[in-house]
Every structure is written in structure tokens, then in C-alpha cells.
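Listed below are the structures to be examined.
Presented sequentially are two complexes of subunit A, the first with subunit B as partner and the second with subunit C.
Here is the complex of A and B:
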């Protein structure tokens, strides 16, 4: 009877910032290097080493502040969060606690047919930890500290989410925004974006229940599965007369189940205190203002522009703005061509994206072919070739097999748009059709289709259908 | 002053404490806290919290990479290594 129950969800999203170097050291911030390749004495927690703040991280945090409607705090403080684990060589994580760099933001997400405002409590900068590998040796763990000190922005929402779909929409909107402003590569598989899900259940209209936190989910699929499982688990406990214990849970990707992770007996005590190695961050208004122009156009800005200036259909516009690289490709084509944006958009989300998908390409890989593509689209929109011929030539253009105009000649696909020539063909086609002509004049529109088909056939498909239609009508109405 | 959970503190400090010493250390810690609690006699109701003793702001660097050491340097103090990993007793949470 889950009908009477609702879930209440808040999300903590960790976004790895795509700086060149780490948060407090100048080691490379890079995924996929050899073990311990990107580790210096600060990262490995050697005594006497001092952390030095990377301003690139502050800059990215401020950009995020603008994109997610945050209050950008001039004053923020780094604190030590103390816990012991082998992949955390300092013995503490440097994070922001009482004074985060960003507070009180929000984004709007799609919820059904409506928009819903999701409030975001805070976002703060912190260090990532290293990686422990447990499955190489039965008795030992192997430690790779490459990830130690990678800058993270932890984005903490209010519990405003109330379904798995909303969580997915929130997470993908965040991912889209962070990628637009170029602060995170959004690669969830590599862990660049991961979520902790805080979930509680309640009967509709009642007070908040006790929540459990599911840690470290790094795919939309797992987030959805974990939420659905945990929702049912909590309902079953309460329906069975039990109580929810506040717990940290792990999601087991092989079974699709959640299970408690930390023993309650020794719950963590992080003993936060301001890091004496790092002075507080004091930003001037000027420093903050300077970063605003770097934010650039956000998805919503582009959507408005596409609808208002280019008259695109909303569904098509949304597909294009979904990823920044789509929008870049689209806008490059518009700037290089006189073809109507609406026409370009239809071909882009249709045949061009289909080609990209079929051939497993990156959208970016077409950036140097935009001139050829728009040349082809111009031929189609000017009726030099038919739509059908365009579809035939497009893959060849995208494969770099030749220039559109050459391909058209080579394949003999040029459309017959010479009205004199078409008139001759139409006259021939109408010979011996007196009966059908009378039918048309008697009001049967179907006959027109028959005539168009006959004429097209006579041109071997190369006749310009629009022109044939026009001439036919003139002749038939006489 | 609240009571001291000496078992929990030794756990957090990763120190093994023989049970016969628990009372002794518990009392010592209580004495220390009592002494530090003298600070509470100062009226701070009109004082802004201080996060650092200097008034300065954090020093910053530009986002640039530099490598100052090799993998071998970093692993040279490791009790044990395996290839380029630190090798430690198994810890699974």
C-alpha cells in the first residue's frame, strides 16, 4: 500500500572541478594516470607541508554561484573534518563547514508538465580522498592517492524532491549547468559527478520521518534503483510496526539493494575546527564581479533565444540545448549560413544526430564540417535537390567524401526545376487522362496526388515536387 | 560538565586502552576539561568569533601544474609498497 506514502528526498552532489591542478597543491588534477603518479608531499600528508589555495577553484565556485542562483559569500572558512582512513593521509579532509562559499541557491526542474523550484541550501569547496583497492590481495588493501586533493564542490539541496524522476531531473539539470559553465566534465562513470541521496518516508501530509543516507551513487540508473528500493524498505519496516534507524547505506549494484554501512555504535564524530594552515577566504566585490561575464549563456537563455529569435519548436530546441556541444554546433551552422535556423535545427536533430549515434561519434567531431553541412542544407532549401536526395548525400558529406555540390553532380541528383522542361513532362502525362481531369474538376483532390506521382515518375524522381504541383494545378484548373 | 565516554574517545584516537586504566584516564581528562572550562568565565556575548589570529586573507596561487617529486619519492616512506601502490592492512568499511 505505497499509495498513501510519499518520499522526501534531499541530495548532496559532489562535483569534481575541472581545474588543471588540485585544490591545495599544484599536482595534476587528472583521471586515469598511473597509481600515485599525481601525488606530491602535500597530497600525501607529509609533515610540515602547507596547503596553498588554488584560485581557479574559487573562480569555478563563483561561476556555479551565478548559474545556480546562489548568494556568493565574500567570507568563507576552511575547516578540518577529522576521520581516519588509509586513503586520507592527512587524517582529515579540508572542507568548509560553518561558512561555505555559496548559500541559498535554487534551480527550476521539470516535474510532469510543470516546473518545480528546488532550493539548494549551500555549496562548499572540499578535497576528495584517495582510492582503496581491496580486491588485489586477500590480506591487504592497495592505496592510490592520485585523487587526494582533487577539488570538489559539494552541492546540498533542501529536501524538496519527492520522486525518483524528480531526483533524476534535478541531477541532470545540475550536470547540464555545470557542463555549460565549464566547471565539471559531468562524466559520472569516472566519478566526476556523484550523489548521496537522503531519503525518508511519511504518510501524505504528516511530519518528516527519520532519514537514511545512500552514499556515492554515480549513475542515473543506480540513483533510480536505490531510491525505489529504499522507499519500499522503509515502508515495509514501518508497516511491520518497526522504526527507521538513521543510517548510512550502501547501494549494492549487483543486487539492487541498499544495506547499512556504518555501525551505529561508533557513529562518526568529525570534530570540525578551522584549519590553522589556511586563512579565511576574503573576496572583494570586484573579484566576484569580474567572474560574472565568464558564466556565459545558460541553457535557459539559449532556450529563450531559440524560441523567440529562431522560432524553433520547443521539443527540438530542448534537444539542442541538452548539451552545450549541440548548441555550439547549431550556432556555428547558423553563423556560417543563410539557411533558416528552423530548417537547420530540423536536420540537426533528425538525420545529423542519427548519423552521430549510428557511428558512435562525438558531436564535437562535426565542428569542422559545418560549412559542408550548411552548403548541403542550402541546396535542399533552395530546391536544387530534393529532400530525399539530401538524405542520400548527407552521410557522404559527414564522412568527408566530397563537397555537396560535387556529390550532387556525381550522383546525378540535381532536381529538375526548369519550369519549361517540367511543363513538357506534365503535358505528356496528361495525355489520355481526360476522365481523371474531369474527376478533379468535379472536386476529387485525390486525383492530384495521382498526377504528381505520375509526373515525378516521368522525371525519374528528380522533378521538383513543389513546382510540379504548382504547374499541374494551373493546368488542371483551366 | 558532561560525562566522558572514554571507550569512544580511545576509539576515535585509535588508541588501545586497557580496562583497568579507563578510570584513571577518564579522571585525568575530566581534570583537563575542568581547567579549560575556566575560559567560559570570560563574557564573550559581545565578541565576534575569530577563525584566525591574523586579519589577513588566504594566500592564493594560479591554477598551474608543477611536479616536484617522483612516485618513488612519495612511496619512499611507505611501510610496504606493491608496484606503485601503498600496501596497507586490509581496511574495508
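Here is the complex of A and C:
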């Protein structure tokens, strides 16, 4: 039934900036402190307190501007958004309204087999609010002001998204980019990155419908669920002859349903006006240019480099660039070793990532082991030890139990690559195998595998399989 | 004639009086409280260590610039550990845990605070009648109607009255649209509003952030220079604080000008004014002409728009600045069934009528659909007013105007807000332009009440402005 319907989605993403202090006060900007620990007189809205802009936030916004292809505005203005709430001590949120710091950007996302350009209308800096806690006491609500004044960058897309999958791809691309340029930790569970979804439905090719806004979604799973539920809800209303009301919706994570929080008639009049306590932000071209080198290589740059210069498979390259720390680890290993990047990449996304996952480690934690890892990979690629032996030693290397070469000796895993020794073993293995030899000479390739296996077994797995293969072929062809 | 800061310092240096005796003398007057000029006075024991430290510095021969000088502080400056109310019920129990930048400078320079001066509630008013702690009475009486209690002007009415009655040597006020200059004029003292950006607003209860400016109310121009030397400093914590190089305002204050000075008198300010007011301008003109100063007529193009511009912008900012007084974290909270009721009750009962009126005006002019017609338009007009002043200050060195359109009036006389707002007609344009202005006493009205004139200078040219005011003061001084 929903086949001829399509959804039109725009996203407002709130990214918490990774500054050490807040947007307009010197309180620490950190998650997980005791309630009201990171609160000073400015944050708590004491009389006569004044905001002082943290220029680090501007620098992060500029970085984001470069990464998301924005026009970086030299002139931007902080305004006050006025409303009453107990976790908003000033009675207003300082935000940018008419003159945001970034406008007209875009990113490309995967959509099926193609790339799709998602246009971004604007991004502006604003303060986060505190938290009201209603479930501690039956009678009282509690207020935690730690988050008050935390810097947010609100990134507002155009309604260019047309499926839950696209939204997820857009959101994860944003997350990846923001983490790459080191402006946001991307931790959705802690609320460092959250999204408001604006969704409307229409019959294909028709005018835009009335939209509803689903507030404050902080996981990919919830975003997908909320979109799917809301899409169907709106279709059902229209199919039932009803009309969509422009509402602000909440997503109930326990039921997986969206429900109306307030309708447009009750929407706030925020009475925005320029904050007279702050001067407009006036940036020089020089100040903007200075930030550019700090942006560094972006995921797409790395992907191109990995494909063109290192000849990686696209799927493997994508796994490595997914997170900056992966790429950093990979590139560190390349720079320290003569092993082929492709060989390193295969081991990284295979056994090394498996080890990290199994042991619940941070990728970063291996940064000081890269030399040992590449030494091990060198032993494998030079056929000093077998692939199998490599897999056996790797966890020990990653656990710091010793140097690869020592471990190889200790465990006696060095490959037998002495052709004289191998010839002897092979000769012995061929004794009494006349029938199979004839089969091989008659064209049965499968027999070769059997002989290699037999020889390897005779070397207790230490024989160099390539060499065995080579010698065997020579002997069998005689 | 009351003693000036330099006279008092001389007496302290020469041991004719001790810091403690000086304090007691002023404290006694402040405590008598006849004019309700203080919301709170600080007993000697609560200032004893400051008094002793100050005396020690005199005894050791190294006194600080304002050492031992008893000051009044408008109850809008947050003072650490001392109740700060903004003369509002909603803050009537508020004790800050921090000291405002300006008062900290005064403490650093050795002055001692006598108490917190009454003022209009949140500095909104021109007569000091909106205070939760009751009106302040002007120490001056109409000689033709001695029994009437007159207003001291506002909003720094308590500061002006306290200096005039002699219960402090000088007082710190704030001026948003005339709140230092107008009461100074009505109480026969000196009031200086420095250039916006001179003195930090950090720790001053905000009324209208783009206009609020701290400044001294004093017995004489030289005292204003003493205080300005202390408070006029760059402050990183106020983003609108200017970080230009400050001058020593005392150095040349009694010197005559080296260059030829030209003063403009805006003829449009003097239409429909009383003879009393015209006389002030004429007196001043005569007095200064003797010193070779030239007077020329100038004409503003924007004067008629200033008051309406001010009464859009100031309430707009105030409506937002006062949003934090919600009874949740500090201040007086009224009970309610719901969160909205707590807000509603706390704010309805916590704010007086004038404050409520301005919050409503401010919310209105900022609301959707009205913003462009009111707030945005007013911002544009404000720019034109600035340009208008700049144009005239390109032609002349200073501008001379009356400070107020009338003498002090009877408490309760002006009930209509509009007629009250008109009291600031000569001071508001300067505030909108951000320029410095000083009011000095210029003569007495027919009823024997003090009146003042205002000199306006260019941005951050307080030094020559004070020099001019000191020159005029010598010629214009009158006896009570």
C-alpha cells in the first residue's frame, strides 16, 4: 500500500563540540561528572554574569565548514532564544539565528550503488541546556546544570533524504567526518550526537506534505524505528481521509511509537534578538585560512589514496577508513614497514580487528605495538613463518608477551625453507605412492593437494608450503 | 560645601581625623535614614578590618588612591557577602558570592563601603519611586512648599540623595538612559556616565545590556575623576569592555585647555523649555565664554525619535535579562501547583508594576510579527542617532544640553508613565549613542531647587570632558 508513497526527510543534527571548556564560560565541558559539579556563576545564571565566547568553538565550526563543504561566514551573530525552563538558568539559550557561522554545505552519501549529494542549509553554534530529572522523587524534579552551556553545532540539512537508510548513511557520514576532524567524540549514547528528524510524506511526484518533527533521537536504531513508524502513521492518517497536523513528536523508545508533544498552535515564540552581551563574530580571511591545515585528510581522501596508491580492495579500504583511529593505525604500520600495504590491510581488518573486538580494546591502544605487528607481518610475508604460525603468534605479540622473532624461536615455529631438507622429506613421502603419482601424471590435480598435505604433516606444519609445492611439482613431472 | 576626596585624604594624611572616625561620621548620617537613601548600611564591625588596614596604610605613609573613603554603592552592584537586591522583592534575599568588577576596583583602591543605595527597581524609573524598599526623598526642599517631599530622580536616586545629604563621600551609580545624570541634576551634585565600554558591567544586575554603564555620583568634578581612575579598566569578562589605553583623569583636570574649544548647543533641545532651564544654559554659556570658549548652534535630526527608540530597545533587552529571575535557583520563590504556577506567582509577586510593564513591552516588541516593525526598526534608528552625534561632534568639541526638562517634583506627582519617561529626554540620546555625558550643578530654579547642565564629549574622551566640567564648575558653584 505504501508503495506509491515516499518520505521527505530533513535532519537537524546536534553535535557536542569537544572543547575543554564551555561555549561562554570557563567551566569544564565533560560528561559523567557529579551533578552540578561543572557549574559556575555564569552557567547558573547568577545576576550580573556575562558570557565570554570560547574561540575554540569558532575554530571547530570553521573546521566543520571545510569538512562539510560549507561557506564559512566572516560575520555571524549570537542571538538569544527566549523560553522558560528550569534547566535553562538564563531564561534564554544563546544561539545563532539570522547570521549562522556556516551556510550552504553538502556531503555525498551512499544511496544504493550510487552516491547522493545531500545539501546542508546551515550550521550554527549554540549552548546546550541542562537536564531535568523527574524520576528520583515522586514530588520534586531535580536539575543538573552540568550540560548547561556545552557547545553545540546544529547542522541543518535540506529535505534531501528519502529513506531511513539514507538518513542512517547521512548521519553516520556526518559522525565519521566530525570525528575525523576531531570536533565531536561521536558518542551517541552520551548524547554527543543527536538528531531531530523532520518527516513528511507525499505521493510520488506530488507537492510536499505537512511535516512533523521527531525530537532528540540518539541512536541509529531509534532513528530508523522512528522514521518507519512515523512514515506509516502519516500514510494511515491520509489514507483514512485525515490531514497531517504540524506537530512536534516524541519517540517512545519502549513502544517504538511516536506521539505528539505539542502542536504548532502551542509552539513557542522564542523572541530571538542579538545578544547585547556579545559582539558579533567578525572573522578575517586569515583567521579562516589558518584553520584549513588543521582539517587533515578526510575519509574520502583516504579512500582514494588507499585504492589508488595501495591497491586495497574497496571493502577493506572502507572498513579501515570508517574510523580515523583505524586509518591512523594502518598508516603508522605502512610508514614503519616494507610489508605491502595490501598485506597489512588484510591482517588488520582480519585477525587484528578480531583481537580488538574479542578483548574489548580501543584501536588506539595498539599504537605503541605497530613495530612488533609489522615485524611479525614481515616474517609471514617473507615466508619465514607460515600464515598459520602467524595467527598463532599474533595474539601473543598484541598482548606484549614478546618480540615476534623471539616468539617464533621460543615456539619453534620457524618454517623449514631449506630445500635440501625438504627434498628428503618429500622423497620419503612419495615412497609407496606410485598409484597416486600415476593419477597426477594422468591429469588429476587434486592429488597435488594430497601430497602437499602429507609433506606438511611430516614437517609438523613448519615446512614452507610454497617451496614444498615447487619441489613436489618438479619431482612429480619427472 | 562638602569635603572633597582630596581634602579628606589630606585630613587623613595629616592625622586630623582617623579612618574609623571618618567612617563613623558618614555611617551615622547613613543610619539616620531620613531620606531612605540606603537599602542596607554596613556597621563598623563588619568593615573593621578594612578600616584598620586603611589606617595602617596611612600610618605607614603609603595610602591607596581612595584609601578610607566611605562610598555608597547602588544596590545594583553585586557585592560579595552583602545582600544585593536591585531594590526588587524578587531579589530581596539574595546574597551574591562574588564581587562586581567595578566595586572590586574600588575596594582594591582602599575605599570602604558604607552600604547599598536604594534605587528604582532593576534601575527602571526616573524618580526612585519604583523601589520595593520605598521611595527615596530628595534632601532638597522647594522653598515655596517646604513640607513637600520631592523625588531625587532615578534610577540612582539613593546614590544621589546619599551624596547630597552627606552620608557618603561619593556613590557608584549606573546609567542606562540617564540614571546617573538625571538624579545628580535633581540633587545638585555631579554625575558622570562614561562611554559605553569603559567600565565593566560584570557583576552589575543587568537592565539593558547595550546601554548600562557604571559611573560615579560625586560632590565635585575632581571626585568623579578620582573614582573614574579606579573603575575605568578593561575587563576580559565583559565582552563589550573596550581595551584601549586609559588615561589619568586627575592629571590635567584643573588646567585650562591648550587649544580653542568649540561647544555646540542643540537648538532643538531648547524648544518649549521653561525659563529655569534656559537660564542654566545661558549661565553656563556666559561662564565659559569668559574662558574663550566658543558656542555655536547645532541641530540634531533625530532627537524626536530618541525616546521611542529607547523605550523599545531597553525593555526588549530587559525582558530577556530579567528572565533569569524565576524563583528557581535563588531569590524569592512563591509556591504554585505546577511549574508554570511557580513561575507565574514568583514573577507576578516578585516584580513591581514598572518592571512588569517593561517586561511586557519588551516581550511585545520582540514577538513574532512585531520584531521588524519595532525592534529592528529601533536598531536602525539607533544607528542614525549615533551618526547624528558623530556628525555634530565632527564640528564641535563638546555638546551642552540641559540635563533634565524640569526640577525635582513631588513624590507621587507623575503617575503617568509617559510623562515620567520624558524626564530622560536629554540624557537618553547620549546613552543610545554610547557617548560619555556629565551633569554638573549649574544653578537654582525659581523654587530654589538645584538644576544641572550636561556636557557630552566624544567616545572615550572623558579626560577633556572632566577638564571642561571642572572649568565650568568653578564658575557655576552655588551654595545650598
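FYI, the second predicted complex is superposed on the first by the 475 of 478 C-alpha atoms of A that agree within 3 Å, B and C clash if a C-alpha of one lies under 4 Å from a C-alpha of the other, contacts with A are read in each partner's own complex, and residues count from 1 in each chain.
Please note the rule applied: a contact is a pair of C-beta atoms (placed from the backbone, for glycine too) under 8 Å apart; a residue touches a chain by one contact, two chains touch by 3 or more.
Since the model is a prediction, treat every value here as computed from it, not as a measurement.
*Asks:* Return first, second, both or neither, reflecting whether A:27 touches subunit B, subunit C, both chains, or no partner chain.
*Replies:* The first partner, subunit B, only.
*Asks:* Scan A:80 for contacts with subunit B and subunit C and give back first, second, both or neither.
*Replies:* In the superposed model, A:80 contacts subunit C only, not subunit B.
*Asks:* Decide which partner touches more residues of subunit A, taking subunit B and subunit C as the two options.
*Replies:* Ranking subunit B and subunit C by residues of subunit A touched puts B first.
*Asks:* Is A:269 in contact with subunit B, with subunit C, with both, or with neither (first, second, both, neither)?
*Replies:* Touch partners of A:269: subunit B and subunit C.
*Asks:* Would you check which partner chain A:45 touches, where first means subunit B only, second means subunit C only, and both and neither mean what they say?
*Replies:* Only subunit C; A:45 stays clear of subunit B.
*Asks:* Let me test your reading of the model: by the given contact rule, A:279 touches which partner, first (subunit B), second (subunit C), both or neither?
*Replies:* both
*Asks:* Kindly classify A:53 by the partners it touches after superposition: subunit B alone (first), subunit C alone (second), both, or neither?
*Replies:* A:53: touches subunit B and subunit C.
*Asks:* Who does A:90 touch here: subunit B (first), subunit C (second), both, or neither?
*Replies:* Touch status of A:90: second partner only.
*Asks:* Where on subunit A do subunit B and subunit C both make contact?
*Replies:* Subunit A residues touching both partners: 41, 44, 46, 52-53, 84, 86, 141, 143, 269, 271, 276, 278-279.
*Asks:* Applying the document's contact rule, which stretches of subunit C touch subunit A when the two form their complex?
*Replies:* 77-78, 84, 86, 91, 94, 96-98, 100, 201-206, 208-210, 236-240, 316-317, 319-320, 322-326, 328-330, 339, 343, 363, 366-368, 371, 375
*Asks:* Can you name the residues of subunit B that touch subunit A in the complex?
*Replies:* Residue positions touching the partner: 8, 11-12, 14, 51-52, 54, 56-69, 71, 73-75, 77, 80, 82-93.
*Asks:* Give every residue of subunit A touching subunit B within the complex, in rising order.
*Replies:* Residue positions touching the partner: 19-21, 26-28, 34-37, 39-41, 44, 46, 52-58, 77-78, 84-86, 99, 132-134, 136-145, 261-262, 266, 269, 271, 274, 276, 278-282.
*Asks:* Where on subunit A is subunit C touching in the complex?
*Replies:* On the subunit A side, the touching residues are 41, 44-53, 80, 82, 84, 86, 89-92, 141, 143, 269, 271-273, 276-279.
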